[in-house]
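Two complexes, one shared chain (chain A), two partners (chain B, chain C).
This part shows the complex of A and B:
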């Protein structure tokens, strides 16, 4: 807590410096977070009036309409199913891989720095570049290679609907877990070596060390990453827009993709429906996120 | 040292990976191509008054605007718009922003006039951000030697849409885009792919030599430009089979933009339905005459005439045109027939499809491709991308340049024999527009800007400018004007487009009805091809007929019946009941 003594010149200067430093981020949050979200919430209760160019109050009309659409339109059913599927696979596989590689790096395994850079590289290279490279690999190179090796003409792995979903999920995992590795290995590196050395002296093997010492110590970081992934459940696009633009197939769409795509093409009058969807999804995901956090905090390992 | 090398390698890796995604820009900000035929200022000339124009620099390019700008600058070289400056400089800001993005930011733009596509006109008007251009649109263009106004060049549909309830105009139509089939005239001639007037001539109904009398084509009239071209779907697929026999791949299109094929099918359906029936999909006001009551393997049975209102718009999912278009797709995408280049359902981009189509005549590694499903602007786009130049360099100007190649816009074959001889219906799907920033001229010191912008926009819609547009792009502006004077100067492809256009009804897929205006993106004409089909794994949503039929094994019939599952009464009631009458 900053205590300001305005009679003290030094304290006054510190306050001004602090205020100036904090002003821009605060302004940013006020305008681009609170402003945008409050406006979006209000929009859900309004209709667009073309004669005046303003939005006018209409009550819950858009909510009833969108609840019905989301519960009866099979496209939404698929989108919900895909979003949950993607989250489950990504969370389990991606987190497991992230933990494994983080521990490997933490234990200074062979080529640890190479892995650290290579795993993080996709996160710092432009996503569209990675998408172009990957799409060329799976949709052009692999079919051409198969043909060259005497196989039959085939569709690319992304183009072939039998493999599209799997390839998208694998791509999402590979692209996503570099950041987790960075965060988890950072948390691991802050574990006191005296604890792990003591465990080794007591005869703990790697497996035991990981589960009894390391994982409990990094659990708060793990929990944060996990909770963020739940909160992003309905905004995850599965990189569909990067791969397909607005042309992804309905059967592979996620909730995040549908929302993004519809927002891109919506007319003014259609924004209110989308705002209502946003609120409805928030109402679904907030209790889930808070509930899971509470449960994990209770049942998760203690770092004491 | 080791660390330094590692760091450098990382930087090199990251930079080179990042550069992979970059393609050399065709734009040269503040410069003009040295080979450019227009000798224009390369920097903002402070001695002249500058008018900034935003141009959607896609398939239609910027040459047309440069040409018009050069003429305008020459005419007004001695005029004074602001103190201390003489003449005017038209500065073109090339962009690829659609109407929606432009509207949201146009208040703060330096550009005075915007040429773009996919404009929701109602949003443009209600936002209050566009200038009222009624005066220049409705006054006779007498100062340019014409006795018509710009509004006189609108079609009736455009008048209904663009002239607001209080008789104001805020936007003018820009260019025109039609989805269709392009065929290679040289290939058709060399391989004798035209149909003969004599179906029993011993060559499966195809001509034996170019002197043989050809069939009458879809217009049913001998001696017209479509002679020898397939008149019906059956003849089209006979043509595809003939091509296959000759080792030619019949058709290619972009796989990475499956909506192109969907829009093509929608155009095919509109050609079946005609203008009035097609417009029901947007107005929901009229009588549907071609609704299917049931569709099975053995065929379709028709409903009687049905009044369409917003209350029962879902019934339009049963339009026979959609049924026949999906049957067409079913036959074209039949895996065993191998009528398509497999990349059409893969990752091929639209420009790669154009390049592949052009190059296939020459490359030994490619099977020659007979037809391309694209839009009427593709030839210009491919030219701007340099594909013709590249081919001409390798295979000779006389064989491979744009001027040497002869393509044609194939009139849509008809679904059934009884439709042969009926008119052509095309869909201008681009929703293009030109408009002026509403706050133009309000900035201190720029009071001249409004009058200048209005004058230049009007200048661009004179017959001379419209014809010039076609000369440079090979494409039509979305207005009625006569291009006879330049038909000997344009490519065979452009000629065929204009021949079709001259006798076609044109569907503009929008209207001023509340139900359409409030739901413009949902009621986009390609969105009517969302379907739900149960292939044994429960109801599954599909959106693109090309992918769904080829990859998911859904038949055209299943796809068609699924349209009514997607657009059910329940769905319709929920989405549009507030517009019910």
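This part shows the complex of A and C:
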């Protein structure tokens, strides 16, 4: 490790350069990471006084109010249930598909370049544009197709409440592959070809090669992506704001959607309630994230 | 010799393994799911919105290219200003989008790059501290800090200002910091040592020696960030309400109840207007965008 020797001109100059260059980025993080989060904690313990325009201390008032709301209001019950459901489906189905699709690209399967573009395309197209085009497909094209094929007249898949949630989840999965496939196939491409060639010569089929060699080698990358997806549990909006604006029905809400919608229309007085919700959710999600990370690090495959 | 032939045959045969065939079929289904709404939408955009043409394949009986001009005319967002309500049109929105996306993308690329350089190449205790902090901050989920952030932006006078949003986006808590860090860490110290012998200072070494070595990675990250900011309507909606971007305008256009644009073909025409610049960008830089961010391909 470098030590600063102020008697040495070169060492001193180096330290001054380092300090000057890093000062502004660090100041930004101090304000917009530490400052914002500390302010968020303080805000949760304060009340906005409409007469004076100041915030005054109120203790745990917002926490008790919000705990009561979150445990009695049916919208929150839907939101928690949907958030967990969406996370479970997307972490199992989406991560598994992203892994296998990355493997297909890594093994240079037929039409590899075409599929690579297709997997990346949703990442570059605006979510609002994809939502409009997709909604048109499921609400207009599919009912028309079913009718033409001799089926009965039907509601659009998004318009029909029985299928809305399924369509929203499928949409989330289909649109979310891009970056994960990019990172996973990147990690796979750094595996030495001599290892996989040796395994194939020893008679390992693709399935065996994937589980015994490729997956253990890229497990650290997989773990990072998976942990980030857990962190997303309470911020995933399920694209509801793009599909419905502020008017999504309560039964399809997620925690992320409620938080964003309420923040957009919040007054200064409501910021404290939202800050209290944020702290409560953070207290739930941090131990879950750290716990799952610990378990996966222990039970995950070793690349030795 | 026979063994070797058998081995080669086995390896080739694996290309048609059941796993690869199943994946091929799944990927075809996936590609159709992605392409169908886009291609169908392109035809739908040229249909007459006033007539109901009930067809599965929307082949317009009368190609309505003027839909684009109509959509262009109705692509606006009402904005409250000191002089009353004003209506920035698509040209203004393109301008605002360029300012927002270029500025934010540059800051969100340059800051992680420079901090990664400092922490990777100057082994002070503080560098290690920052490195650990970034890893922890990325993995640690903090929920619901948006109200506090808005309040902070308003207090510091950054709210509803371009330079304000650029400052807010110029942080280094990002995956790209880790990618830049890994790249800088892989360079031998001889680069700086040679430049120092030639009399170059630290600043010159960074801009003249180090930055050119990572220029491909830098521009790839910049492009990824640019596209993300181009498509982002959440941030402008929250932090820049009087400077609507194209994505913000698209969101408003989609929710508009204006008669002329409330039909499906017109909504999709609006989408196509927004899609064109990004598809052009993708056609030009697609290879770079989808390149492997983690491989060391900059040593040219």
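The criterion applied here is as follows: the second predicted complex is superposed on the first by the 264 of 304 C-alpha atoms of A that agree within 3 Å, B and C clash if a C-alpha of one lies under 4 Å from a C-alpha of the other, contacts with A are read in each partner's own complex, and residues count from 1 in each chain.
Everything below uses one rule, namely that contacts are C-beta pairs under 8 Å (C-beta built on N, C-alpha and C of every residue); 3 or more make two chains touch, one makes a residue touch a chain.
Only a predicted model underlies this, so the values are computations on that prediction, with no experimental measurement involved.
K.L.:
Answer with clash or fit: chain B and chain C placed together on chain A by superposition.
P.N.:
On the superposed model, which is not a single observed complex, chain B and chain C clash.
K.L.:
By the touch definition at the top of the document, which applies to A:133: first (chain B), second (chain C), both, or neither?
P.N.:
Both partners.
K.L.:
Touching A:251 in the superposition: chain B (first), chain C (second), both, neither?
P.N.:
first
K.L.:
Where does A:266 make contact in the superposed view: on chain B (first), on chain C (second), on both, or on neither?
P.N.:
both
K.L.:
Report for A:125: first if it touches chain B alone, second if chain C alone, otherwise both or neither.
P.N.:
In the superposition, A:125 contacts both chain B and chain C.
K.L.:
Would you sort A:117 into first (chain B), second (chain C), both or neither based on which partner it touches?
P.N.:
A:117 contacts both chain B and chain C.
K.L.:
So in the superposed three-chain picture, is A:11 touching just chain B, just chain C, both, or none of them (first/second/both/neither)?
P.N.:
After superposing on A, A:11 lies clear of both chain B and chain C.
K.L.:
On the superposed three-chain arrangement, identify whether chain B or chain C touches more chain A residues.
P.N.:
C
K.L.:
Where does A:109 make contact in the superposed view: on chain B (first), on chain C (second), on both, or on neither?
P.N.:
Only chain C; A:109 stays clear of chain B.
K.L.:
After superposition on the shared chain, which partner residues are touched by A:74: those of chain B (first), chain C (second), both, or neither?
P.N.:
It touches chain B, and chain C stays clear.
K.L.:
Could you point to the stretch of chain C, among 57-65, 75-83, 111-119 or 129-137, that collides with chain B in the superposition?
P.N.:
Among 57-65, 75-83, 111-119 or 129-137, only one stretch of chain C overlaps chain B, namely 75-83.
K.L.:
Under the contact rule defined above, give the chain A residues that sit at the interface with chain B and also at the interface with chain C.
P.N.:
Touching chain B and chain C on chain A: residues 117, 121, 124-126, 128-130, 132-133, 140, 245, 266, 268, 270.
K.L.:
Tell me, which parts of chain B touch chain A in their complex?
P.N.:
Listed in rising order, the residues are 6, 10, 13-14, 17-18, 20-21, 100, 120, 122-123, 125-128, 255-259, 342, 345-347, 517-522, 524, 530, 532, 539-544, 547-548, 551-552, 566, 570-571, 574-575, 578.
K.L.:
Residue numbers of chain A touching chain C in their complex, please.
P.N.:
On the chain A side, the touching residues are 1-2, 4, 13-15, 17-18, 21-22, 25-26, 28-29, 31-33, 35-37, 39-40, 43, 97, 100-101, 103-104, 107, 109-111, 114-134, 136-137, 140-141, 144-145, 148, 174, 177, 182-183, 185-187, 189-190, 197, 200-201, 203, 205-207, 209-210, 224, 227-228, 230-235, 241-242, 245, 255, 259-260, 263-264, 266, 268, 270-271, 274-275, 277-279, 281-282, 285-286, 289, 293.
K.L.:
For chain A, which residues count as touching chain B in their complex?
P.N.:
Residues 48-53, 61, 65, 68-69, 72-75, 78, 113, 117, 121, 124-126, 128-130, 132-133, 135, 139-140, 143, 153, 155-156, 158-161, 244-247, 249-251, 262, 265-270.
K.L.:
Going by the contact rule at the top, pick out the chain C residues touching chain A in the complex.
P.N.:
7, 10-11, 14-15, 17-20, 23-24, 26-27, 30-31, 33-38, 40-41, 44, 54-56, 111, 114-115, 118, 122-126, 128, 130, 137-152, 156, 167-168, 170-173, 201-203, 227, 230-231, 233-234, 237-238, 247, 250-251, 254-255, 264, 267-268, 270-271, 274-275, 278, 281-282, 286, 289-290, 292-295
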